[in-house]
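Down below are the structures I want you to see.
In the two complexes that follow, chain A is the common piece, with chain B as its partner first and chain C second.
For the complex of A and B:
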């Protein structure tokens, strides 16, 4: 478990370093900044009426002195590779600095505050979608594995190619159908405006706003997972111990739960884990389509505004969330599979 | 009234599978009787339907059934007429249990061995609670000579021989009338095989359980057998008292089969049977062994009956009519 955590952490660090390198164009951005500073300082010095009487050599000298001060102020006097390590450390420790253009709803320019406001909506949407998907697909897959070859089974399996398109793609259709034409569900956002004061009403409004995005994610992932999980169930139900359990006289419910679902669960969790990674990636556009005030939409806004601290900050949070998801699922995996648990711990 | 000394009587049992190329007659018109407390060994080549016969009696059926008929009297009741739920409650494990082939796969890898061995007590209401079931499981573990510590372990922590004995303990748990052993020792080493055979002998002597031992290991199983049955191409061709059978098999196929068993330190030319068993997709209407039989004569073009030839011996061959 510790090893796993360390490996995940190293992955995050490498990923972040690459992001920092790219966001700074491999150090080229420093040259741009130096040139900008030099231009600014020089303009200031030459245009300053107080400097009118100085000769060109003195002006040059003054400019150079001020440029050095400015370089030091921005840390540009040090080579880029040292600065890149600094960036990395501040990113990993979530010391995300100040945004250039974007500010939080409460008016703060602290990137940390901005992201803290955006994180809960993303977690709520992603968490709900994951739970709905996991248990929904699990139940349907188990059901279909028992009715293997039936018309229902063939229909659901036939729908598996729907997963070729990402969630936001279906989001557009859902919005068109349920918001534009039928007018039964909201177009987007997280709660109605103005937000209800009552907690229960607030929650209900949020659920109402969540129906479409959750459905969009589900449509894109549900059928493919049902397809593969049903196949896992079919494979595992032909194991000898399932037949033996049937011979033992277990009721079909107990048989399903203890002898088919339980042994298949580790495999399903692995598949779910891989699926969740793709879903995380789709979150950025999905939130934009549904105007959901989460990290994904924030990221797109930051990219459009070239707000580097916010971009890096969002990516840091995303990296941590992804690693966290993987770690959590690995943990669950160890709980459901004694072979992993015992080998790693007991005795 | 059925004779209760006959714990099982099977009459014209058929199990045909549906395949893309047509129905496969895996078990075709098998009839026999089992006496209480005796061990019967069923031998035959791979694919002759001996495992399928046990599955047909235990109603462990695949999806692709084409035909499933016949009568199976168990303790005087025709269990083929029972509904699935009744069959589960009254027959499964209570009256008939199964020990499948020695393999990693007969125990659920994610449940503790103890949970699986104690399960029959709980399912069939023989234990008040889990603790009681575990106590009884401990007893059957002692019976088959496995340390009760293993109850707390997972299957992958046990060796092949231990696992097989745990499964045997499970099969004996709630004291069934008949235990089907489907090649219980075939994946184990010689010492473990002998060990398990000895355990089985002890149990047969002490508990009076009726064993049906399906195997192709004729040498090892002869230790335990009171009676021997030979299957060929989905049919029973010989059923005899074991002593007579091993000395002097009657059916030409049984003779060839016995001649192919190696014996220690005896300079004997091992024989094999030329040709292959007929396809069960469309088996010949003749005697099914006729094509490979060296003693074939005119009558063999018709299917012979499975007949009592006296001395507790049944043979399906025109030579013994």
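For the complex of A and C:
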């Protein structure tokens, strides 16, 4: 486990460094920033009424002096490769540094605070969707595996190709139907404006705003999960030991819980986690389509503003979450699958 | 070849697969037709052309199939020119000037009002501002003077429906001019008068020059897909979206999925360092979030669709499916016939490409078909985030344009629905085939 964690950590570090290089255009973004600073300083110096009497040579000299100060202030006086290491260290320690343009709602320039403000909405939306999906799909898949071949089963399986389209895509249709035509649910956003003072009312408004995005994710993931999980259940329910247990007269409930669900759980959890990783990526568009004030939309804003610290910060969070998911998978394996525990680090 | 035919024969037993094949076949047909009928450069011209190309299209017009949904016949664009149906009378005035009278007649037989009316003029003389007067004659014979002695450049446009002076009683000119003026402004059940309308233009121009004019009565429907807020014909993007989506999807699937498959085979067979390297790269790659990196590249470097495709392929070669394939190759590697091949001294290349890879192809094929829609939707996702290729007319661009113009809020549903349905069809078509192939090639599922 420790070796695995170390290897994973090294991979994360290399991955983060690659991301930092891309986010800085391999150092080219520094030239852009230098030019911006120079322009800003020069404009300031030339427009300052106090400098009116100075000659052009003196003005130039003053500008140069101020530019050097500004470069040092933003750390641009050091070569890029040193700064890239700096970025890496702040990224790994989750210090994340300070934003350049964006500030948090409370007025802070610290990337950590900006992201901390945006993380809860994302987690609420994503967590709700994940929970609804996992337990919903599991229950339906178990139910259908018992009624294999029925009309209901065929219908749900026939809907599996719906997963070809991502969640945001169904979001468009849902907005069209429920917001544009029927006018029963909100177009987007997290709470109504102005936000209700009362906590209960606030929660209700939030649930109302969450119906469409959660449904959008569900439509795109639900049927495919049910399809593949039902197949697993069917395969396992034809195993000999299940037949034996059935012959012994065990109730179908106990049969499902102890003999079918138990051995399939590791596979199911893996497939679910991998699916959720894909959904994580889709979060950026989903939040944009539904105007949800989360991490994904923040990321898009940061990219549009070239705010490197925020971009890197968001990606760091993403990378850590992904690595965490992969690492967690191993733990869950050990819990649900005794064979892994016995073999001791075989995996 | 034989095995392909056999697969197709088996596919026939699945109605869903036939539906999928029909959809994909239809899309391929549309793509071939489009690439022949509207060559690439022509498509770019029609899509990026600017005002000159789109002038004669109505703004925000619904597609013509809307006509089938309503009982009324919706108005279509009518164009009358002085070279065509118009009549010209020239009376010399002396002093080198002539009086010109142009009558522009047209039949209007629709149940809804036009969306706009514009008069364009084009003359060969320059620098002289002419004055002109316009009279509007309705089928009932009522004459309305629109303007008298309005000053106009030699080549100009007079936007009749935007003339504030004609908006008496809060009724827009394109409604007022086509119905009874005397009705009260609040009257909602105004219906357009049907019959032959005439617009009479009178002007004085220098002798020996040409003066041509063109009247456009814009309709409420246009083309089979409608138009957008800058009068662009959406059908261009609907048609060209098909080949672009198929190309992006296929190239992406070939580039990413097939390469992954081959590399997994090579890595598993050679083992040792190569295998370890591939596994490390896969793990590294799984930590790199694909979409955020694409967004960054789109913002910082270039938005070319083909560059994006290249990046996607590079980043998807070492994806999670590498692990799945590797697990299968590890099993296949132990098969006796491969041992036999080794025994007679077959080279590594021969074993990998002749024996190892073909064995797992049945698993690859459904995966390959299922991954195509993912790439098609990836293009759409990028476009919706505003990172679509600025040149190419794709379905994703249509959705993105519709979103930024608040098409749903304004009620221009067709603008969003058409590309969305096209995307949906593409995704569904490939998914239906993919799921059927999955059942054929994985007999464990079939026997259930």
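Keep this in mind: the second predicted complex is superposed on the first by the 282 of 347 C-alpha atoms of A that agree within 3 Å, B and C clash if a C-alpha of one lies under 4 Å from a C-alpha of the other, contacts with A are read in each partner's own complex, and residues count from 1 in each chain.
One rule holds in what follows: a contact is a pair of C-beta atoms (placed from the backbone, for glycine too) under 8 Å apart; a residue touches a chain by one contact, two chains touch by 3 or more.
Only a predicted model underlies this, so the values are computations on that prediction, with no experimental measurement involved.
Asker: With the two complexes overlaid on their shared chain, look at chain A and say whether chain B and chain C clash or fit.
Answerer: Once chain A is superposed (C-alpha atoms), there is room for both chain B and chain C without a clash.
Asker: Taking the superposition on A as described, I'd like to know which of chain B and chain C A:246 touches: first, second, both or neither.
Answerer: A:246 sits against chain B, while chain C stays out of touch.
Asker: According to the stated criteria, A:74 is in contact with first (chain B), second (chain C), both, or neither; which is it?
Answerer: Neither partner.
Asker: Scan A:274 for contacts with chain B and chain C and give back first, second, both or neither.
Answerer: Touch partner of A:274: chain C, not chain B.
Asker: In the superposed arrangement, which partner chain does A:254 touch: chain B (first), chain C (second), both, or neither?
Answerer: first
Asker: Applying the touch criterion given at the start, work out whether A:101 contacts chain B, chain C, both or neither, answering first, second, both or neither.
Answerer: neither
Asker: According to the contact criterion defined above, which of chain B and chain C contacts more residues of chain A?
Answerer: C
Asker: Looking at the overlay, does A:331 come into contact with chain B only (first), chain C only (second), both, or neither?
Answerer: A:331 sits against neither chain B nor chain C.
Asker: Determine, under the contact definition given at the top, whether A:263 touches first (chain B), second (chain C), both, or neither.
Answerer: first
Asker: For the superposed arrangement, tell me the lowest C-alpha distance between chain B and chain C in Å.
Answerer: 10
Asker: So which positions on chain A get touched by both chain B and chain C?
Answerer: Chain A residues touching both partners: 148.
Asker: If you look only at chain B, which of its residues touch chain A in the complex?
Answerer: It comes out as residues 58, 60, 63, 88-89, 91-94, 97-98, 100-101, 103, 105-112, 119-120, 123-124, 154, 156-157, 167, 170.
Asker: So in the complex, the part of chain A that touches chain B is made up of which residues?
Answerer: Those residues of chain A that touch chain B are 148-149, 239-241, 243-251, 254, 258-259, 262-263, 265-266, 336-339, 342.
Asker: Can you list the chain A residues touching chain C in their complex?
Answerer: Its residues touching chain C are 7-8, 11-12, 14-15, 18-19, 22-23, 25, 29, 148, 158, 160-161, 163-166, 168-169, 172-173, 175-176, 179-180, 187, 227, 231, 234-235, 238, 274, 277, 280-282, 284-285, 288-289, 299-300, 303-304, 306, 311, 314-315, 318-319, 322-323, 326.
Asker: Can you check the complex and tell me which residues of chain C touch chain A?
Answerer: Counting only chain C, the residues touching chain A are 16, 280, 283-284, 286-293, 295-297, 299-301, 320, 370, 373-374, 377, 380-381, 384-385, 399, 403, 408-409, 411, 413, 416-417, 420, 423-424, 427-428, 430-432, 434-435, 444-445, 448.
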